[in-house]
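Labels run A, B, C and D following the written order; every chain starts at residue 1.
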Amino acid sequence: MRTDRKKVVIGVMGGGTIAEKDRDAAYRLGSLVARQGWILLNGGRPSGIMEASAKGARDCGGTTVGILPGTDPASASEYVDIRICTGMGDARNVINVLSSDVVIACPGSAGTISELAIALKSRKKVILLNFDVGALFDQYAREGLLTRAETPEEAIESVKDFLTKTGR
Amino acid sequence: MRTDRKKVVIGVMGGGTIAEKDRDAAYRLGSLVARQGWILLNGGRPSGIMEASAKGARDCGGTTVGILPGTDPASASEYVDIRICTGMGDARNVINVLSSDVVIACPGSAGTISELAIALKSRKKVILLNFDVGALFDQYAREGLLTRAETPEEAIESVKDFLTKTGR
Amino acid sequence: MRTDRKKVVIGVMGGGTIAEKDRDAAYRLGSLVARQGWILLNGGRPSGIMEASAKGARDCGGTTVGILPGTDPASASEYVDIRICTGMGDARNVINVLSSDVVIACPGSAGTISELAIALKSRKKVILLNFDVGALFDQYAREGLLTRAETPEEAIESVKDFLTKTGR
Amino acid sequence: MRTDRKKVVIGVMGGGTIAEKDRDAAYRLGSLVARQGWILLNGGRPSGIMEASAKGARDCGGTTVGILPGTDPASASEYVDIRICTGMGDARNVINVLSSDVVIACPGSAGTISELAIALKSRKKVILLNFDVGALFDQYAREGLLTRAETPEEAIESVKDFLTKTGR
């Protein structure tokens, strides 16, 4: 009997302060992740992409994991089920990335960029969802490690392709 | 409508190399944690107290979270559902403790002692389950932060008392 | 009597695999940092910008500090005097940045980008030395937090201006 | 020509709130460490064993390194030369230990105990200076990894023995 029920974990990164259309996309992304039976993991805070994606996943019955910068579980979004308190500030960004099978980076600022940079350095698959980072990570795009998506649906397809290719 | 469904998280700490009776107690502790509807959190590795407590929780339909020292989710016990990869070695002990509402310390060695020391320093409730640490943390015992239990059942009662007192 | 002799700490970030001209610039930068009586701090490893900048500082009698990803002090560049072993992998990038008064980013790849992103998020002054990051951090450039330099000498002038302005 | 001038690093751990005689011993210990030409490393804060040992080392012309829990270098003791800001709270205890060649543990509470536990787990030599930890770490004492000293002078002799034996 197979007892290992490790689920696919999708890390959804993105800014705390965001445009309405990015919020909508993050919500939809979260709901699609949940419908696939995948776990949604993010930075846990009650704002921006984090809150929207967690709400989307929760509304579709998904499981949400938040890796918090602080020590207080009550600082998490109410839509986060599993609250990991690191007390390590931005060093928790590394944990976000390492704990994800695939990272989807929504629009954000310096914090989000640090996460996708560490993800690529750690050889994680990264999908940019409507997040323009210029030519900065082109070497990873050429390798196929970094891809772009214009809609949450497209991002999900990209994850599925990756999981199939890597035999998951 | 209340959307916050944050569950109580019980951190179960203890050694990787342990006696048979401690393994049995850890398994029973895990199953009791799951039956209460609490989440079991531990260090995630496939050995000792970690493996036994995760298996106990899993066998009773519980959710298990493992905070791993390394970067590879496959290094986790098969009984761990949510695998947090820190890549931080023993610094992850701090995360184990901060992410738990109550810490139950089973017999272990230096690693387990570091966890209960950090837990007490962080003002977390700690229950020693058949783990004799001498007089080392007596000041915390006098405050009621550190208590002792002889059976998993007693440890669970102690957690319930604590949760009632703190209004959880 | 003033006993506080905290020196200015300059974090020099940059890639492990680099072009010859960037190596030369990093060496010169290190030597100029030392001549100012500043401490040079970097990621500690014996390659690329890290090794070159540490050697430059050392050759001019400076003090060099390396924040290592691993646990073995012997993994450091021989030009690093103070070896901090974190055992935390890339999470040490956050420590590099937080421990520096000013960060100078030389050409590098994803690791270096993660460091300058975290630096800017932490509101640290960052100087890009011949490192083209496109328009990605333009909001910080507009605030004056991020500036550009074409030579090590120019970078040093930029640090001095910043220290004067902030009363150091 | 040998360019590696890595000095021996002695980690001095101990409580923030301490008895007068322990403060005196920590000061003397710091001054003896400096006279040996060793670097003194501690938790960096301006209290207890940390402050006293750093002052002792500084007064004898030594170099002092402080690994701070927070992000502000100004939170360090004035006697700390090199201030490493981790922003990681108690997770910095692991860095204290990993960065030291030998750990000397002076009287302290839970934080100090966590440090000596992690040190022993990491197979570091630990010397207890008038710090009674009961029988808790006896297995390490039997291996010779943990030894006891009653005076700073005795602790220094113990460090020298260890360095000789390990060919340093």
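Methods note: contacts are C-beta pairs under 8 Å (C-beta built on N, C-alpha and C of every residue); 3 or more make two chains touch, one makes a residue touch a chain.
Just so it is clear, the model here is predicted, and its values are computed rather than measured.
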item	value
Other chains in touch with both subunit A and subunit B	C, D
Centre-of-Cα separation between subunit D and subunit B, whole angstrom	30
Computed distance of Cα centres, subunit D from subunit A, in Å	40
Two or more partner chains touched - positions in subunit C	71, 87-91, 94-95, 122
Arrangement of touching chains [line / ring / star / complete / other]	complete
Footprint of subunit A on subunit D - complex, ascending	71, 87-91
Contacting residues of subunit B [partner subunit D, same complex]	88-91, 93-95, 109-111, 113-114, 117-118, 120-122, 133-137, 139-140
In the complex with subunit B, residue positions of subunit A that touch it	3-7, 9, 39, 58, 63, 65, 67, 71, 73, 76, 78-88, 94-95, 98-99, 101, 122
